[in-house]
Each structure stands twice: as structure tokens, then as C-alpha cells.
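Paired with chain B in one complex and with chain C in the other, chain A is shared by the two complexes that follow.
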Partner chain A sequence: MANANHPTSASGRAPSERGVIARFAAAYGQEIVIFFAMIALFVIVTAINPRFISPENLNTIFSGNAYIAVAAIGMAMIIITGHIDVSVGALIGVLATISGTLAVSGYPVWVALIVPVFVGMAVNAVIGVMVAYARIPSIVVTLGMLSILRGGLITVTGGAWISGLPPEFLIAQAKPLGVPAPIYFMVALTLLAAFWMRYSEFGRSLYAIGGNPEAARASGIPIERRTVMVFVIHGAFAGLATMLFATQLQVIQSTVPPNLELTVITAAVIGGVSILGGTGTVIGSTLAAILFAAIGSALIFTNVSAYWLRAVIGVLILVTVMADMIRRNRQGRA
Partner chain B sequence: MKKVLLASLVSLSLSASFVHAQSAYTGGDDLPTNPLACDGAAGEVASKPYDGGEPTNAPDRKGKTINVVDVPKLVGIGYFNATSKGIADAAKEMGTMEAKTDGPTKANIDDQITLIDNYITSGVDGILFAANDPVAIAPVLKKALAAGINVVGYDANAEPDARQWFVNQAEFNGIAKSVIDSLAAEIGKDGSFAIVTSTFTTPNQARWIAEMAAYQAKCYPDMKWLETVEAQEDNILSFNQANTLINKYGPELKGIVGMTSVATPAAADAVTQAGKCGSIAVVGLATPNAMKPYVSSDCVKSVVLWNPVDLGYAAAYVLRAAADGDLKAGATSVKAGKLGELKVINGSEILLGSPFVFTKDNINNFDF
Partner chain C sequence: MPETVQPFVSLTGATKTFGGITVLKAVDFDVRPGEVHALLGENGAGKSTLIKIISGLYVPDGGTIRIGGETVTLSSTRDASRRGIATVYQELLLFPEMTIAENIFLGNYPKTAWGGIDWPEARRRARALLDSLDSPELDIDRKVASLSVAQRQRVEIAKALSRDARVLIMDEPTASLAEADVQRLMEVVRALRQRGVGIIYVSHRMPEIFALADRVTVLRDGELIGTRDIGEVTEATLVAMMVGRSIDQLFPKPEPIIGETLLEVENLVSGKLVKGLSFSVRKGEILGIAGLVGSGRTETALTLFGITPAESGRIRIAGKEVTIRSPREARDLGIAYVPEDRGLQGLVKSMTIRQNVSMASIDRLSRGIFIRFAEEAARAVNAVKRFGIRARAGIEQPVGQLSGGNQQKVVIAKWLETAPRILILDEPTRGVDVGAKSEIHAIMGELARTGVAIIMISSELPEVLGMSDRVLVMNNGHLVSIIDRADANAESVGAAMTVAKKSKDAA
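And then the complex of A and B:
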């Protein structure tokens, strides 16, 4: 690497001294940025209104977007591999309806919770096969799937809400040790996925596929099989996200939050996953999902119009993508 | 270095926005409000000449079977399923109307315009609509009028000259009075409350909020309007926003008003899960099915709405009367089947009646 281009070389520190820190910073650059942005946000807002860091509000912030964070884990893997999925929001809507329907039809709660995971895997296996073997761009396949799922959902449910859910089905309302269950889900799944992505051969191969498919193929990675697999895993995360989404309230709507897929993709991208594939971590996407919730809450606590939420997230996207481009250019020159 | 720069940029842009702190949002438009009398005396109806549009060279449709398409804001939600049922009921009762409902799967004005445009091309006799945007929908509706199609709106209006008649589910000041009266009955005449709505620019919600503010200022001046927050049509976001309000205001918050069928049950769930049923009242506009769990658990005492089945039913009858030539400019009322005579207001609107308050005693009679 040409040292003249390295940002820290100007500080004149010895190479050994900056070794660990620099490597950590290089690997988790975006995650560190988000972490400090979040700290800054908490400090500022708490100074304005101390109730912001009351235990209740911390629970609200950390559990509020947990289902988005879980879905963004799978999305991060998809984007790292060089693909995209715009159908995940509609999929979560369909899975929530399946889950709720099973629960009110008298099936055991665990069946109602686990079936969506398998259905999500099956739906995404279809997407994966079309992307990997039929070589149709993932944006096209998932756009098609988005229409199929959304249209199918409306046709099947006729728009009826599901209510009368059994209390034991509502697992997202549980609070073991005073902490909402979605937080445990989010943290455990994020750590698990982060370790797997970093240390398993499979996880590392996804970066290789997204970063440089030709080189990955040359080194013997079975790209097609891995692509199908990563879509299937993403489907499983959509099913896990549904477990939280469908069990938070006593009623299940047959419509999904508007632009849910975009929120999930945005969390991954702001979390440092390069939209061009090859880099990023699931820790970043989870931090970004929490950051959105924290910003939303902060705007209320500081009496700022919610219009700013969209503007702030828009700024974050642009800054992140620009930083990514700059990073790539520098690496290209080095 | 860049990272630090980035972090400071982000926090700077955030803290810059804090400077613009503002008072509670109480309505997004600048239209005048018209609060009703506190004691429930009937509101004044100012007479106004007909300001709707006319179809060009419409064929004589009197007594003939007409083909009607209903384009709601979106399909797949309980509310528009109910209006659609009302339209189907009326069509069946008349026997001279073929009606079908076709709308976008999201409340998206562009999709809605495309749909209506397709139906103009394919040829229909009548269009019923609930607009996602009153201004943006106007050109395509005028095109329908120019093609000789009868056009009647319900639920959400378009600019008056873009349609013939609009069936008004309840006047904004009527709904506002019902909501604020119900709220005052539960939290007292000096209680503090907050609002969860969809977006500040949704026309119906913006008007209701403006009228609620006017009526509250006039009839309950000691009540305190703490804050209005947006939650899109997103159930989990509505739940999070309601939670944040509860966390922010603590015991000061005595009531939450939900402005949509998505926000009201989510707010009720937030209050339930926070263990605040009884200390924080939830009042709101919502469909009865969504509210049944909360009403039956006594966490929610009053849900304000009109009967959307009646709304669709009335819209179908108004369209029939307009197509037959029985409902013309200057009319003061129109016959709408089992609903009887409905009043013409504001020049070219038909008023459905007073709002309906769902309570534990009657909510199980409704299924939408």
C-alpha cells in the first residue's frame, strides 16, 4: 500500500503503535462513526430532557426497531454478496399474516412462530435460484416477488385484521428481567451473524463473491450454490423478524408499514454495507436501525418536527455512500 | 480523521435542527375553522351555490344499468373494505348498477391516477373515488368528466370542480366535537393530552386536528394540547411514538388521541403494555374490529367514527341520482335508500350524518 495515501501516516506515529487501532478502525469504520453519533445524540438530548435516558425510554428506543434490525442482518448479507432484495417488506407482511392465522386457528404457538421462518426460506430459495442460475438481476426478481406477495396478501386476506391472538403468542411483549424480548433477539442474532460472517469460511466467501466474483470463482468458491444459500438465510431472518413484528401488538394488520423494505435497506447501507457489495458488517446495520429509533425519539423529546427524521436519514445515506465512494477510490489508487 | 469529521457532521446537523423547536402542531392548512357550539346545538349551514363539475355530453343513463368503478385510497384495509361493502349492498338493492372496487395496494396518488386513467380508457359510466391527494387527482377526474363519466367522491375530497358531488362522512367540526367531548369526559376539563396522526399533510387528519384545536380552545380552554406526532400508516412506528410520548411526559399525560385506524389501536397497545390503562385514556378514530381487544379489556372507552358501510352505500345512491339526472345543481337533499333524505351542504357535498361513537355496548355489532 502506498503510505502517502494513508490518512494516519501524517500523524507520524510508529507503525506498531497504530497497528491494532488502525486495523480495528479500518474494519469497523462506519460502526464506530454510528456509535459515536449515537453517543453524541444521547448526550445532547439528555441535556435537554433527562427523561430521554429513563429505563422506559431506553427500552422503547432499543426494542422499537428490533424487527428492522433483524431483517437488516439478512439484507446486509444479501448486499455484501452483491445483490439486493426489495421484497422483504411484503414478505414480512405475508409471514405475519400466516403466523397470526395459524395462532388464531388453534395451532400451538411454537408452530405459528416457526412456520414463517420456513416459508421465508422457501420463498427466498425461489428468488435465489432465479438470481443464481437463471442469471436474472436480483432487483428484477425481487421487484416481481414484491408485487406477487403484496397482491397475494391483499387477495387472500381481503384486508381483514387478525385479532383474538392468544396471549402466549405475543412474545415480543415479554420482558424477561425488565428488558423487552425483542432486544435479546436483536443482540443475540446480530452477534451470532457477525461472528459467522467474520470467522466462517462461508461468511468470508460472501465478501469474496460480492467484492470480486471472478476472483472468487477462480479460487474455487461455488458462487451459484452460495448465492442460493444466502437468499435462503436472508429468508430465515425475515421469518425471525416476523416473530417480533407480528407479536408486538394484539392485532395484526394485513398491510405492512409503508416502505419497510427501504427502511431495512437503508439500515444496512447506513450501517456501512457498501451498496456495491464486498464490504460491511451486520453490527453496523443493527446499530443503524437503533440509531433511526433514537433519532425518532430524540425529535419528540426536543420538540422538533418529525419531518426532520426523513431529512436526517437522507443526509446520513448521502454522507455514507459518499464516504464509501471516497474509500473505494483511495483503495483503487493505492 | 475523516471518521471524526463524519461523526461531528452528523451530530451537528442533528443539533442544528434542535434549534427550531416549535409549539404543538394543531392542523396543517390555513383554512378557517368552524367549531360547533359546546352545548351541542346544530351548526350553522351557510348556503353556497353549486361548485361541482358536470360531465360533458353524458348519455341518458336514466334507469339504465350503469357500470361503476370504485377507486378508494387503497385496498386491503378494513375501512375501505367496509365502504366497498356498502357500495355493493346499494348496487344489489338498486339492481341497476354493476359496481366493482379496484384501488392501489398502497395509498399512493400516482398509482391511483394511473388506475383511474385506465378505467376512463376502458369505458365506465361512473367513477367513485376517495382521493389520496385533492389537487393531484383533479386533472384525471376532469378528464373523466370530459369523457361523459359521472364522478362522485366519498371519504377524501378532490377539488370541487373535478367531481360532481362529494359524500361527506361527517363534517370535520362534528368529528372534532365528538372526539374532544369524549376525551374531556375521560380526562377531565383540565387534562393534558397528545395526538398520534398519520402525517401532517394527510387532508382529513389535518382538518380534524385543526377543528379539534378550535373546539377545545372554545369549549375546554383549560385542557392542554401537549404535542402532535406523525407515525405514517405504520403500526409499529405508531406504537413506538405513543410509547415515547408516555416516556416523555410521565404522569402529566392523561390522554392520547389516535387519528387513524392504525394509530389508535397501536396507542391503546402502548398504554396497555405500559400498564397505564385507567390513568391514560385513549380516544380516537378507528375501525371497530381493530379496537375490539382494547374496548373489551376496558382500556379504551370510546372510539369515534361514522359507519363506513353507510358511507359507501350513500355514495352509490348519490352517483345513481346524479347519473339519472335527479340530483342537479341547486338541490338541497337527495334520497339515499334506507338512509332516507341526506342534506346537501357546502354547495356540492352530501352530509352522511352525525359521527358514531363505538362503545363496549355496541362495538360487537360491527364487523369491519
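And then the complex of A and C:
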């Protein structure tokens, strides 16, 4: 403890309030660590290869991966509530196909963009009801959903790509004021969600449910309704992520990036969301999503095989979860 | 017990600290072969820490352990069991889907010459062990899942004996047994003593202690108060040693101001342990509920609070009939429940004092969808002051880092934030040190005087007698009697608690 040697402790009366900085550091420890890790990464890699911070590359890192960060916001909320969703990657694949099909079929662009959000909410409402009311563990429900969505998508599309997307549909390529649109999206959604999680009664109740569902229920929190709601919100974020994912290239592949759900879950976990529920923030998950992208890019710019990316991320996961367990053990002891 | 017998296990100066709180202070303790040594103390006195040290679960921060005269370090339960120490835990640690024989020898199977498990030998020995425990009716091929609690306990004891246990630790072995099973267990304990096994017997029940023990050791607040031969003590001296002062000093109950009837319950039925209960509580009254573990006390509270809603019966609050189907509905009717297990149902340990204090009233603390943070913090600061919650980092400290007493105060503070009319307290001072205990009692007295109706469930008879205006005694899901404060004493309440319990689950 930082103030163990503080003179007032010796008199038996510990100081009742710590400094603002110390409290900030305690509340956002993981986020701060990631932030500085990212700065260190940029400094080191730029020293080796200055083209790392060229506008084109920054664009790739931030803008090209914004959809992962957006999906990770919803995932962070799910994990904070004590659940998990392994079907989000498959869902984004389905939603992207729906979005693209609508766009090439001549529906207005806004319809093609907004329908996936509602479909995502509907699909996740089903998951949420099964988890909350039928009390099936979320890992099981979403594993089932993963198979259904992935199998269904391949059957319907036959693995074909969607091309001939109207140019006005490709909103992820827009650059208002010279900054790629996905970056606005990512920043705005992250801040909004962070604010909502921290200051709303709803957000608070998610932390309580994830921390101790029995105590939350006994405190009058309607945990079933909240569980369904958080899955629905997560579905909406999957729809918003689709808006960025489906509109960044001229074509939509029906094979989403493999392991997308794992990347999204990993972003949440490395961002400081405890896999056991109850702690973490969406700011952390967004920072972690960007950190991955930066690490991947850094490997290329330093001529290290990109296959190392998975291994590096694996190490990060283990270190983060281990740190979380140590912290929990300390807390649980007293 | 001849004085010349050398102790088999002896602890000298055993000390244990958790997160800056010393739970065991330089305690000396020993067990001789062939004696029953009772360990006594209030909840939180350090009994379980002491037995966990002896069973190798905790490594003491100070002091020495000697086994058979040799100084040892026990760094795991495996260590302890290899040295002849076995524990029969309160919550029995058996594998329900395995047979009795498999459970007895799990991890310690007799081996054949080529290293496989010698099942014929294991079965033969399992049979012999159970017979020696006077349990010929237990079929060694039966799955443990189908056994009663008492039968499982005997399997646990057989398991301990299969490892040549020289010292057997029994932690509240009779807590969940019916009377007939208690008698049978006492026979088993006597037989073990006869064989030269030393037994550490943790129990709250005075009659058992006087019937079984050779010596008794009392702990209070982590300190050794004394070890006495059973012939030297009486029930009264033991209670005095446990609580450290006489009961009337301990429960400073202000004169109650009792108003009109607030809660009426008629023929309440829920599950197997609330079988048609009728009672009422008045404003300003403290109704104590006494009964053995498994008598339906907690289940009654859970029913009133909507966690396990009533199947039938009527509940009226201030004369108006109500239905309570969830904790939220109960809260909105002005009912608050401070649960028996604060870790399980009371607190979110990863969250701060501020967040826990506001948890049950958070929707009332919000404007629109947003929490009023300043108001929330102010209320938490108030609660910390009012209840004397000691926290290093103030209201931003995670409650998991607080001591038991301070955690309990946070739970109580959380519920008082909802301004309840009816407060149900389930074991309000379990695992709480004596200082915090009397503070909690003072808060209860104060609340009652402001017109709150209080229902207090407690396993500590002194607490029930000291705090209650009336005592409701439950047994096996039924109401046995309601005793007025003037007539309530250890004999009358104790007798009601133990009246001919129907021993359905007797072996």
C-alpha cells in the first residue's frame, strides 16, 4: 500500500481519502497500462521503421479495426455481467450479408445499414431469454447459436461474395474532415458506452450482477430482465460493428475473419474486463482492440512473421488473467 | 485422563493474520490420544482458523506445531493426513456419484503387486471399517448421493480411519443431525476414543460437550481464554469464558416502544421447511426466531422476502393483504432482509462501500437513468460515520477488503437506505467480532425505537434472549411456541427448540 508509511497511519487513524491521482490509477489501472504499452510500442517500432506512423498505416490500424472495437464494447458489457458470447463473429457475418444483400437489391442505404442492427438485437434477445429464463449457461447457448448462424450463412450464400455495392453504401471509406469515419464511430460509441456504464443505474446493475448475482437479486435488481437487455444491447453493437465491417471494402465475403469472436473476447479481457464478471470498462476493451491491431502491424513493419501475432496475444491474455486472479485473491482474503 | 499422557498434536503460540487482521493470537492447544477435546467459542472466535491450521489448510504466521513430539510444518491437508490428522468437515466433502467404498479409499487405494487398485481388498476393508463404526446397514456399493447426512458423516469418519487417523477433527458434527442421529454419533465418538484416537470436537451444544468431552478449550476474539478439564467447569462458567462478560451487560437493550401490528402471517407454506406458519410482528418490536439448523428459520425469511415465494398462506402488512413474488416487490413493500451469508447474498465484494450501500436503493437515487453521484457519495459517507465502518480508503474501498464486522455493517447500511418498515436480520452477528457485535445490537435497538418491526433469526441463544421482545421457536418447519421476553430463558427456549424432532432422516 502506497500510504503504509504515512505518518497518520502510525497513530492508528488511516487517511480516509486518497489523492485524486491514486484513485484514478486504482480505477483505471488496466486502461493506463494498455495506453502506455501502446505509446511504447509506437515509439519503439517507429524508431526501427519510421513508416510505421505514416498516415496510411495509422489509417489501417485505427480505421480498419474500429469494427472490432465496437463489437468489443458489447462484449465487454456481456462479460461484465458474468456471461460470454462466442457467436458474435458468426452474427456479424450474417448481418454483413443481410446488409450487403439489401444494398445491392436497391433498398435505400439507410435501410441496408439499420436493418442489421435490429436483426442483431432480435437474435441476441433469443440468446438472452434462453440464458436468463431457461438458465442455460451462455457459453452453451452461444455455441449453439454460432453453429446455427455459421451453417445457415454458408447454406444460404453458398460461400459466394457480394459485389457491386453502391458507392454511397461504403460509409467506412468516407473521411469527413480528413479523418476516416470509423474512427468517429469508434470514439463516439466508446465514450457513450463508457458514460452509460459508469453513470447509469443500468450500467451499475450489470457490475452488480456480474460481481454476485445472488446479492444483486436480493438487492431488488431484476436480474433476468437486465440479462436479456444486455444481450439485446450487445446485439445492437454487433449491428453497429457490421455497419463498419460491411462497408469498408467493395465486396462482402460471407466468410468473416475467422476467430473474430475470439479476437473480440480477447479485446475485452485484455482491456481489463474480468472473465469472472463484475469489473472492467469499455474504454479498456477499445484500447485493447487498437493495441492488437497495432501489434499486428508492428510485426509486419519490423519484418517479424505475422504468425507471431496470435502467440503474442495469447501471452497477453494469460498475463492479464493471471493479474486479475492475483488481484481477486487479495481482495477476497480480508 | 492421566496427566502423563503425552499430547499427540500440540500447538504453541499459533498466530494467523489475514489482511492486517489478526484472527488467532498466540494460541496454545493440544490433543492427547484417546481424549475428546472440545473447542468452544463464539462465531469468529478463531475456532475454524485453529482447526484449519491443524488440518494443514492454513500455514500459521507464527508458532510451532509438534506431532508426536516432533516439530513439523504442515503445508497441505495431504501433509496433515499423512501425519495422522483427519477432518470431518461441516459441509461433507464426498463425491455423490461414487460408491461408499470408492469414496473411502479415494486417493489412498490399496494397491496390488503390479500397482493397480486392489478392489477386493478395498471392499473388504471398507466393510470392516463400517462394521467397526456400528454401521452394518451401509452397503459399500451404494452411491453416496443416496445417503442421509448422518450416513455420509459415518462414511467420512470411515475415510479418516482408513488413513490411520490418530487425531480426528469434527467441526460441528451435529449441526444438521436429528436427535436420534446425534445419539448414534456420540456412540461412534466414544468408540473412537476407546481406540485411542484423539478427537477435536467443535460444537456449540453444551449438553454434547458435557456428555463427551474430557477437556474443553475456549477461544474468544482469536485469543486463548483457557483450557480446563470438564469436571472443573459448568455451563455458566463456559458461557462466561466465551462472551467475557455476563449477558445483561452484553445486550444493552433500550426499553421498547411497541406500536400496532405491522406484519401478520397466516398459514405460510413454502417448500419443505415452512409448513403453515402464523405469527405477527408489531411496530417497534424485536421478534427473535430460534431453532436448530434446518428448522426452517432462514426459509421463513426467504419466503417473506420473495426469494422463495410462498406457495400458500396470507401475508398482511399494516392490515393490507399483499403478495410477495420477488425481492424487489418485498423491498417496495418496505421489507428488508440482511441475509445469513453476507458473502453469498449480501455483498458484491468487488464493488466499493459506496456502490454496495446504494445497491438496494439505486433506482431511488437516480434522476432519469443517471445515478446522482454526489448524493450517493454523501449517503455512503453518512453510513460509514453512523455505523462506524472502518475502511482504510473510505467509501471507495472494495468491501471484499473489509473485516467481517464491517462487511456486515455495510449490508445493514444498504438495507436501511431503503427506509424499511420491516427489517429481517438473519444471523446478524455471525462471524463478527465482539465489538462490532454490540454496535450492531445497539443499531437494532435504536431502529426498533423508531418504529421499525424487526425479525431477528439467530443461532446464538444469548443473543436471542438478550435482544428479543418475544421469541418464536421453530422446529422442523413448524412453530413450536412464542415465548414472551419475561418467560424466555435458556431452559424454556432450548426445550422448545429440541422437542421431539421427527427424525425423518434418521438412518
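The criterion applied here is as follows: the second predicted complex is superposed on the first by the 315 of 334 C-alpha atoms of A that agree within 3 Å, B and C clash if a C-alpha of one lies under 4 Å from a C-alpha of the other, contacts with A are read in each partner's own complex, and residues count from 1 in each chain.
The rule is simple: a contact is a pair of C-beta atoms (placed from the backbone, for glycine too) under 8 Å apart; a residue touches a chain by one contact, two chains touch by 3 or more.
This structure is a prediction, so every number in the text was calculated from the model and none was measured.
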Three-chain arrangement built on chain A, chain B and chain C clash or fit: fit
Partner chain(s) touched by A:153 [first = chain B, second = chain C, both, neither]: first
Partner chain(s) touched by A:325 [first = chain B, second = chain C, both, neither]: neither
Chain B versus chain C as contact partner of A:211, first or second or both or neither: second
Dominant contact partner of chain A by residue count, chain C or chain B: B
Contacts of A:249 with chain B and chain C, given as first, second, both or neither: first
First (chain B), second (chain C), both or neither touched by A:139: neither
Contacts of A:297 with chain B and chain C, given as first, second, both or neither: first
Which superposed partner A:37 touches (first chain B, second chain C, both, neither): first
Partner chain in contact with A:262 - chain B first, chain C second, else both or neither: neither
Nearest-approach distance, in Å, of chain C Cα atoms to those of chain B in the combined model: 18
Of chain A, residues touching chain B in the complex: 7-8, 25, 29, 32-33, 36-37, 40-41, 44, 48-49, 51, 54, 56-57, 60, 64-65, 67, 150-151, 153-154, 157-161, 163-164, 173, 245, 248-251, 253-255, 257-258, 293, 295-308, 311-312, 315-316, 319, 323, 326
Chain B to chain A touching residues, read off their complex: 1-3, 6-7, 9-11, 13-15, 17-18, 20-23, 25, 74-78, 80-81, 105-107, 200, 227, 229-230, 232-237, 239-241, 243-248, 250, 262, 265-266, 269, 272-274, 287, 289-290, 292-294
Touch list for chain A against partner chain C, complex: 1, 14, 16-18, 23, 26, 199-202, 204-205, 207-208, 211-212, 214-222, 274, 278-279, 328, 330-334
Residue numbers on chain C that touch chain A, as the complex places them: 18-21, 305, 307, 326-328, 330-332, 337, 339, 344-351, 355, 359-360, 362-363, 365-366, 369-371, 373, 391-394, 396, 398, 400-403, 414
